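Structures given as C-alpha cells follow.
Two complexes, one shared chain (chain A), two partners (chain B, chain C).
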Partner chain A sequence: MPQEALAHGVLKGVGDFYAGLLHPIVVPAELLAIAAMGLLVGRSGLATCRRGIPMLAAGVAVGLGLASVVTTSGTTTPLVVAALVAGAIVTADQRVPPWVAAGLAALAGTALGIDAAPEAKSHIAAVTSGVATIVGSTALATIIAALALRVEKHWQHVAAQVAGSWITAWAMLYFAYQLALLSR
Partner chain B sequence: MAGSKFGAVGAAIWFLAVVAAGSALGHTGDDHGGGGFSSGFMHPLLGPDHVIAMVAVGLWGVFLGAPAIWVLPIVFPLVMALGGAFGMIEVPLPAVETGIALSAVVLGLCVAFALQPPLWAAALIVGAFAIFHGYAHGTEMPVASDALSYALGFVVATGLLHLCGIAFGNLARWPVGKMAVRAAGVVIALAGGAYLSGVA
Partner chain C sequence: MTAALSGRSTAVRLLAALVVAILGWVVPAAAHEVRPAYLQIDQTDDSHYTVLWKTPLLSGMPLPVVLRLPDDVKHVVEPLERPLPGSILQKRVISAPAGLAGRQIAFVGLQATITDVLVRVTWLDGRQASAIVRPSQPWYLVPAEQSFWSIAWDYTALGINHILYGLDHLLFVASLMLIVRDWRVLVKTITAFTIAHSVTLALATFGLVTLPPPPVEAMIALSILLVAAEAVRMERGKVSLTITWPWVVAFGFGLLHGFGFAGAMVDLGLPQRDVPLALLFFNVGVEIGQLMFIAAILAVACSARLIFTSGRSMRIAAAYGIGAIAAFWVVERLDAIFL
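Let's look at the complex of A and B:
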C-alpha cells in the first residue's frame, strides 16, 4: 500500500495535539533555541521575561501562519543563530535590554514556528497541532526562564553559564559542519 | 536546598533522555539531525585517551580552586568546538594524536603534583589541548551524520566527563581523598605516556 508522502513527518501515534506539543522538545534545534532564549530572558530579569516570552509565543504563531501560506525551508540555521547569540550572551554572563531579547525571541519563535509547522490532514488537525506547539514552546521557555530568574546560589549561576557554553559550542560546531559541507 | 539539587539533577536527566530519544522522531534527521546524538555522545566516551584527559581537566580544576574550577569547564567546550571546526573544514594541524596523548600526560602530572599556576596559564594549557581533542572529534565526524545531534552529543559527553572529574576531585577535601586524587593524576599521566609511546 502506498504510504503518505510527508516531507515533514509528525510524531506517530500520539495524536495531533501531543505531536505539536512535543515537537519543540524532541527536535534538538528547537529545544536548544528555546533553552537558550529561556536562559537569556531569565538571566536578564523579570522585565525582559515580560517582553521576551510573549514575543517568542507571537513569533511561533507568525511562523506557523507563514508556513501555511508559503513554502519555506532551511529554518534550522536561524534557530541555531538565535541559540548561538543567546548562548554566547549567557556564557559571558551578560544581560541584554528587553528590546534586544524580545527581537531575538521573535526571530527564534518565527523560525521555530516555520520549522514545526504541521503537515496535517485537515485544517482542524493543523490548528490543533499548531496551538499545541505554541503552548509547548512557550511553556518550556517560561519554565527555563523562571529557573534562570531564580538563580541565587553560585553553583546555579555557574550551571547557567555552563549550559550557555554547551549551547554555544554546539552551535559553533553546527556552522562549521555546514561550512565543511559547502567545501566538499 | 537538597530538593533543588535533586531537581537540577532530575532536569539534567530529563534533558538527556529527551535529546537522546532520536529514534522516536518523526523527522528523518536530514533536516533537523534527529538520530546522531547517541553516536556523538559515545564518541568521546569510547576513546580512553579522550576520557582520561577530560576527567583530568575536572580533577585539576579542584586543585586550582575557584574561579578556575568553573571557568575551565565553561571555556573548554568553546575552545574544543573551535578545534572541531578546524577539523571539519580541514585546517592542517600536525600530530593530533600526539597532542591528545600529551594532554593526558601533562594534565595528569598537573593533578599528580597539584600544580596551581595562574588562571591564564592553566587556561592556556587546557585550551591548547582542547584544540587537539576538538580537532579529532571534528575530523572523525561522519559526513552523513546528523550534524546537530552529533555535535550536541559530544559536547554534552565532554562536559559530563569534566563534571565526573570535578565530582571525584571533591574527595580532595580530605587528606586521604587528596592522595587518591593525586594518585589518579599519576595513573592518567602513565596512561597518557602509554599512548604517547605507542604501548597502548
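Let's look at the complex of A and C:
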C-alpha cells in the first residue's frame, strides 16, 4: 500500500515537530482511523467523547513507546480494522457504550502510535516528534468529535453517515487489495 | 587515603590524556584551508563579462580545480594567468549571449579538496549576488533576475516559514489568547501586536534602529513568561493592566518581537533593489502564518470546550506549560549573553 511506504519519514525537511504533528494527517490510514474514531465518539454522545478522546491520546502515547520494542511493519491493518468497525457503526447510525468506544479508540491510538513512530536522529528529536504526533492526532480527533457532536439537522445526520460509509468502503477496499495480493 | 588519592590522580591523568587525544583527533580535522578560492564576474555590457579567478597555492602547488563555465560561453579574451604571492590570478573576458542568470558554473575537482570558493557576481544595473561554494556541492547557480511576483512569493513563504518555526512568537500569541476571551478584544490585540512588530521590523530592516539580537531574544522569552504568568493570575481572579487591556501589552511586546523578526530577515538576506517589497511580503507572510496558527488554536480550543468542562484547568495547565518553556528560554538566553 502506498501509505505503508509513506508511513515513515513521510515529511522530510519540515523539522521534527511538524513531521510529528502532520504525520497523522498525511498518512491516509492514520487519517482515516482518526476521522472514524472522531465520528464514532462524537455520534455516541458527550460521555463517550470524554472517555474516547483521552483514550485515543493515551493509546498514541503507548504506541509510540511500544514502537521501540515491537516491529513497526504491519500496523496499517489494525488501524484499518479500527476504522472499518467505527465507520460501520457510524454508517448504521448506532451508538456504542462509552467503554466500547474508549477501547476501540485506545486500540486505534496504539496502532497509530506504533505506525507513526519517528525515525529520529536523537532522543530529543524522537520526543519532540512523538509529542507532536500526540498533539496532532488528539487535536484532529477533538475537532471531528466536536463537529459530530453538534449534528442536529437531518442533512447533517445524513452527511455523518455518508462520511462513515466512505470510511467503511475505503477500509474494505484495503482488505480486498490485500486479498488480491495474497492470491497472486 | 593515599591509595584513593593515587587512584584519583590516575583518573585525572587518564582524563587529561583522553582530552589531549580527542583534541589531537579533532583539531587536524578542523584545520580547514583558510584561504578560499575567489571568483568574481562583472557584467560589462549585455552579453560580456570579465571573470577573475583566483586560486590559492597549497604548499606551492596550484589548487587542482578547473573552472567550467556554461557550454555556450565563448572566450573573448583567453585566460591570462598571473602568479601572485601564495595564489594564482586568472583573468578573462567572456561572451554569454544568453546571459549568465539561471546558469550553472562548476568547479571541477573542488569536491576532492577542502577549499571553499567565494563567488561574487555584479550586473550592469548594480545588482549583486554572492555565495560561498563548498566542496560538498561544487557548483554555483547564478541567480536569475527576480520578478515582482517571484520576490512576493519568496518573501511571503519566508515570512510564513519564519513564524511557523518561531516557536517563541507562537507561544507569545498563544499566551495572549489565554487572556483574551472576547472576539473583538482578540482582533484588537492581534492587530496591536501586528502593527507593533511591523513598525520595528521596518525600522530595524532599514537600519534606523538597531538592537543587538541576544538581549532582544532574552526579552522576547521574558515577554512570554510575563504574559503566561498573567494568564494564571487571571484564572485566579486577579486584575492587572495585561488582563484589562491586553492589546496595550501586545503592542508593547510586539515592538520587541519585531526586532526578532528583523534579525531573522537580515539573516535571510534582502534583494539589493527591492528591500521595501521584500519587507512588505515578509511581513504579509508573518501575518498569514500567525492567522493560520490562531485559526488552528481556536478550532481546537472551541472543540475542546464543547467536549470537556474543565476549561479552566486546561487553560491553567497551558499557561504553566508555556511559562515553563519561556522560563527555560530566559535562563538559556541570559546564559548566552553573560557566560
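Annotations for the structure displayed:
In this text, the second predicted complex is superposed on the first by the 175 of 184 C-alpha atoms of A that agree within 3 Å, B and C clash if a C-alpha of one lies under 4 Å from a C-alpha of the other, contacts with A are read in each partner's own complex, and residues count from 1 in each chain.
Following the convention adopted for this analysis, a contact is a pair of C-beta atoms (placed from the backbone, for glycine too) under 8 Å apart; a residue touches a chain by one contact, two chains touch by 3 or more.
Not measured: the values here are computed from a predicted model.
In the superposition on chain A, contact is made by A:G15 with chain C only, not with chain B. Residue contacts after overlaying the shared chain place A:T142 against chain C, while chain B stays out of touching range. Touch criterion not met for A:A47: it reaches neither chain B nor chain C.
Using the contact criterion defined above for the overlaid structures, shared-chain residue A:A169 touches chain B, although it does not reach chain C. Between chain B and chain C, the partner in contact with more residues of chain A is B. In the superposition on chain A, no contact is made by A:I124 with either chain B or chain C. 147 are the residues of chain A that lie in the contact sets of both chain B and chain C, per the superposition on chain A. Listing the residues of chain A that touch chain B in their complex gives 8-12, 19, 25-32, 73, 76, 80, 91, 115, 147, 156, 158-159, 161-162, 165-166, 168-170, 172-181, 183-184.
Residues 8, 11, 18-19, 21, 24-28, 31-34, 37, 70, 73-75, 77-78, 80-82, 84-85, 88-90, 138, 141, 143, 147-149, 151-152, 155-156, 159 of chain B are the ones touching chain A in the complex.
Looking at the complex, you find that chain C touches chain A at residues 164-165, 167, 296, 299-300, 302-304, 306-308. The touching residues of chain A, when paired with chain C in their complex, are 15, 17-18, 46, 49-50, 53, 139, 142-143, 145-147, 149-150.
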